[in-house]
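These are the structures, in structure tokens.
One chain, chain A, links the two complexes that follow: it is found with chain B in the first and with chain C in the second.
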Partner chain A sequence: MHAFKYHRPSSLNDAAALMKGDAKLLAGGQTLVQTMKLRLASPSDIVDLGTIKDLAGIKSDGKSVTVGAMTRHADVAHSADVNKAIPALAALAAMIGDRQVRAMGTIGGSLANNDPAADYPAAVLALNATITTNKGKHEADKFFKGMFTTALGAGEIITAVSFQVPKRAAYMKFKNPASRFAIVGVFVADFGGSVRVAVTGAGPVVFRQAEMEKALAAKFAPESVANIKVKQDGLNSDMHASAEYRAHLVTVMARRAVQAALK
Partner chain B sequence: MAVKVSLKVNGKSVSAEVEERTLLVTVIRENLRLTGTHVGCDTAQCGACTVSMNGKAVKSCSILAMQAEGAEVMTIEGVAKPDGTLHPMQAAFKEHHGLQCGFCTPGMVMNAIDFAKSHPNPSEQEVREALEGNLCRCTGYHNIVKAIGAGARAMAASK
Partner chain C sequence: MNAPLIGARIERKEDYRFLTGAGQYTDDVELPRQSYAAFVRSPHAHAKIRKISLDKARQAPGFIAAYTGEDFAAAKLGGLPCGWLITDVNGQPMKEPPHPCLAQGKVRYVGDQVAIVVAETSEQARDAAERVNVDYEVLPAVVDGSKARAKGAPQLHDIAPDNTCYVWALGDKAVTDAAFAKAAHVTKLDFINNRLIPNALEPRVANGSYSRADDSYTLYVASQNPHVERLLMTAFVMGLPEHKVRVVAGDVGGGFGSKIYLYAEDVAVTWASKQVNRPVKWTSDRSEAFLSDAHGRDHHTVAELALDKDGKFLAMRVKTTANVGAYLSTFASCVPTILYATLLAGQYKTPVIHCEVTAVFTNTTPVDAYRGAGRPEATYVVERLVETAAREMKIDPAEIRRRNFITAFPYQTPVALMYDIGDYNATMDAAQKLADVSGFSKRKEQSIKNGKLRGLGYAAYIEACGIAPSAVAGSLGARAGLFEAGEVRVHPTGSVTVFTGSHSHGQGHETTFAQVVADRLGMPIENVDIVHGDTSKILFGMGTYGSRSIAVGGTAIVKALDKVIAKGKKIAAHLMEAAEADVEYDRGVYTVKGTDKKKMFGEVAFAAYVPHNYPHDKLEPGLNENAFYDPSNFTFPAGTYVCEVEVDPETGVVRIEKFTAVDDFGKIINPMIVEGQVHGGLTQGIGQALTEGCRYDDATGQLLTGSFMDYCIPRATDVPSYQVDTRETPCTHNPLGVKGCGEAGAIGAPAALMNAITDALGVTDMPMPATPQTVWRTLQNKKAA
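And now, the complex of A and B:
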């Protein structure tokens, strides 16, 4: 790991003021510390969000659930509010990595990183979430730009994520048994009349599956998606799974997610 | 540049002069000479470096020492009683032969103790899920799983 200067700001404004040049934010460090060890990132400055008050915590008002950027995966998984309002979101958080990673990793870090196989992007997109930053708000549909890229500007800091509470929802992940990241993960959310289906792991960036959304809006049942053939064009192909296999998994995971949502 | 980091380790206040890029595991092993915490992979995969930080099991190879400022850290050296009586989880690993070479064991025990606090009587499936972040190259896990179940029940009984 290359040397850097470490900062521990006590407020969001102080943190923002420190985000100059090659500075990088540090949340749980579960991705960034390893990236720095590999020298894939060599920031001049590290700005630790860990000591800023009010960045962590969960609020629920019936219509939406708002999760602070520094909220750890384990805290979302165990939150009584999240389990009551959007159990699928709590279940998703409980599936991330392993329990040690979940004790440190944060939702803000996961979304800013936007790993193509990460879980939270699927929930954010399917639950039509709003991402609040120190500069403004981002809609889910316009946030995930591409592999490891988002709509965040230089030095922009995620402060919270607000999820819309669906009528019912579920997330199904076919996980890589070694890393636990998604080979394919599908989040299905039924808002009563409109349905959103978000797919992670399959392509370079999380995406919505319009054909499934339409079929499920007409009838929210497993058989509505069971025969939808997903095209393999543009999907990831690697040592873990071919594009053809991933395309097949999207349908299987979607069908199982609908089944689970109906339970 | 050297900076100072102060934390509590196994109940004792300690501080160390470190580089800003120093990992928590490096402070534990090299500054404090507590070499029971192991580094297996150095890439957040194996869990051999697991310690308790503010009551939660974490991988100390993936945390900067500076992130642990003011934290209460417990390492494997801190779990037995001062007179040497083993912690119930350690005793269960011994009883059920939950180790062979022992390299993974400190991380296994530290993760298991944290897990057992919320799972006083875990099922085999729950224990296996809790071990997703801990790798063992020797045992095949069966006896580790048995040990953790027994250790969790012993911890609950000794409360």
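And now, the complex of A and C:
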């Protein structure tokens, strides 16, 4: 790790003011610290969000669930509110990494990082969430721009994420055997009339599967998606999973997600 | 006298220390005026070094010194030696290219050491190392062993044309070919035994320190065999007298073979400590470990088994290309030969066997012994062949094994080994019962109903442990002896310190060895401490690998104990005013035949150190004996493993439903420790078959599986709750009747698992590791065919 200056601002404004040059925000550190230890990132300044009040916490009002940016994965997984309103979201959080990672990692960090194999992006996109920052609001459909890139401007700080409560939903994750990130993760959310299907891991960035959404809106049943062949074009291909295998898994995981949502 | 300790499930003496964080690992050693080293490593698989510039590094904060291959050459430091000379099929010695500690003009794998940088802190050393500027001329690379001898393949070493280290063979080819010509059935397989990256929990660490006061060196190092490390480093590399070098390997967090070897970093920090006149410590990080710890396996094999119409084995023919990496690591040459081909008889009466091994250099990390070393590869060959033959001939796979089991001992195999004892039917019977093989078809039906596939596979492995009779090893090319030393120091008040040349890096010797000693001396185990891992304390030692510790190291201790007890007998005879011939000894008590006279061991020990009433005319005072033990044969642990899997055909995910292991390790000292060793071994074997596969990029030679993001060692959830049991045929040639248990699991598990998966899938073969994608792909190919 290269040397850096460490800051602990007590307000969002102070944090934003510190975001100059090579400065980086620090949330749970589960991505940032690793890249620094590997000497792949060497920020001049680290601005720790951990000391800012009110960035962590969960609120639920029946229609939406709002999760503060600094809320740890473990807290989402164990939250009674989340488990009641959107059990699929709690289950997703419980599938991220391992205990240590879940105890530290945050939703804000995960979304800002936008790893193509991360889990939260699937929930954010399928549950049509709104991402609130110190500068304004982002719709889920316009937030995830590409591999590790988002609609966030330089120094923009995520403060909270509001998920719409679906009628029913489920997340199916096919884990990379080594990293346990998603090779393919499919989040299916039925809003009664409209259905959103978001796929993570398979492509360079999370995406919606329109054909499946249409078929499921017509009939929310496993057989609606079981025979939908997903195109390999543009999907990721690596030593763990070829594009062909990933395309196949999207269908299998989508079908299983619908099955689970109906349980 | 206490209850017998041999065979008791005693909790490990070392656990308190480890579980409370009180262990003293090499990285815990911080010496006064400590400095830190980082290594500049090659980012290229194959390149010429045009120029190295240290100018910028010298200006880095905290910089102390930096050295390159030129400095090492100027100091006349030798290269890293190989400890085993293999003679090829033409009677010529293997090709031994120089293995410099720091590259001399050329780098040959990603991670090859180019320079050492010493600084005030570890981070400063890394910062400075980043500023070392190396100008490379990149050369084409070859990483695949099967392509190393192809026309036009990039050449690694001038002295090894066609990248060939040796072509070696064992067995009678003509007789084997003749047997094949008469066979009713021939089974043939062509497969790769995948390359593995060891990943001990504790990475390698070396802390070298030079003392001007007496012109001596101390090297603290995470090593499995400190004396061997010292011998190789002093005699072959640095040209130092051994008495001026102390090597200390305290607590070591796992080795699995990867810490047997003398590594360049160990030499570099030791040498540098004199140059900078300060201790120099290097701690590998995980990324460096992936690149620089010796890897394991990496064979490409074509194997054939000839059978008669009843499934009796007539002959076996094996051709293997072994990828040894860029240089010969310490024992690289003997692993795919002596430790491999000699095990191809397995548990069977196969009358003739021929094996040819071609060892090749490639632009990859050197390959050496890794848990099992050659024997997992051999077991994989034999047990995949046997199971496949059974399926092809429609004979039950257990039955075909029974028809061919060796049942009379001692047994001379056609591949040099003489098995002293075993009972292969006994382990097979027990394994079949414990695995509930008879209920398998019902379970399979249920799986099919659930849309799943189910399969069952066996592996009846054998291994040669207790390495090794030195004369035999020597005749096969070993450049060292393979005995062990032990010393029993009885203190005046009767407690005992035992010094052993074996080394514990997770095996629990401090408990097992203490059980042996306390049992023989009839004292509580708390009265016995085991000391290992320090050349200044221990007589000598060949270290721990090849499941040799209890069989060779334990026996050396027993031999020393015998001397202690014998001397005690003379003292006791004097104290009891009896003839020595009338004195008997049993676990801590000396008695005089036909009388009620007795002396406790503690009383005798006290008399030896407070010799007021003592036979001074016949005996020296004190009670301290040592022994060296060179085994007369290998030991032959063997057993049967049964694996049952369920496969999800939609995703290719394999779940191990049951794994049953019945082993014959001879006499067992501590069943709990043995079970732990079996569990660990099985898990590593399952790792090889299911999750672990080292991959290099064919074109660039970059390591693709350079971290746990891509290299998957199994987690607890990947393995089942094991069913393990043992059967006992005591080893005939050591006093404890022990055989060794450290590697068995890793040796037998891959074949059992792959036999189960191929059974479930209904295919003849598929590559390891059986990752979901590979299983799915295999099923797609089967559908398409």
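One rule holds for everything that comes next: the second predicted complex is superposed on the first by the 263 of 263 C-alpha atoms of A that agree within 3 Å, B and C clash if a C-alpha of one lies under 4 Å from a C-alpha of the other, contacts with A are read in each partner's own complex, and residues count from 1 in each chain.
Quick note on the criterion: contacts are C-beta pairs under 8 Å (C-beta built on N, C-alpha and C of every residue); 3 or more make two chains touch, one makes a residue touch a chain.
All of these numbers come straight from a predicted model, not from anything done at the bench.
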In the superposed arrangement, which partner chain does A:149 touch: chain B (first), chain C (second), both, or neither? neither
With both complexes superposed on chain A, which partner does A:39 reach: first (chain B), second (chain C), both or neither? second
Which superposed partner A:2 touches (first chain B, second chain C, both, neither): both
Answer with first, second, both or neither: which of chain B and chain C does A:194 touch in the superposed model? neither
Let me test your reading of the model: by the given contact rule, A:13 touches which partner, first (chain B), second (chain C), both or neither? neither
After superposition on the shared chain, which partner residues are touched by A:99: those of chain B (first), chain C (second), both, or neither? first
Taking the superposition as given, does A:50 touch the first partner, chain B, the second, chain C, both, or neither? first
Under the contact rule defined above, give the chain A residues that sit at the interface with chain B and also at the interface with chain C. 1-3, 178
Contacts from chain B onto chain A in the complex sit at residues 1, 3, 19-21, 23, 42-45, 47, 50, 56-59, 62-64, 66-67, 69, 111, 114-115, 130, 132-134
Please give the residue numbers of chain A that touch chain C in the complex, ascending. 1-3, 38-39, 174, 177-179, 239-242, 245, 248-249, 252
Chain C residues touching chain A in their complex are 123, 126-127, 130, 287, 650-651, 691, 695, 704-705, 708-712, 771-773, 776-777
Any idea which chain A residues touch chain B in the complex? 1-6, 8, 26, 29-30, 33-34, 36-37, 46, 48, 50, 74, 97-101, 103-104, 178, 180
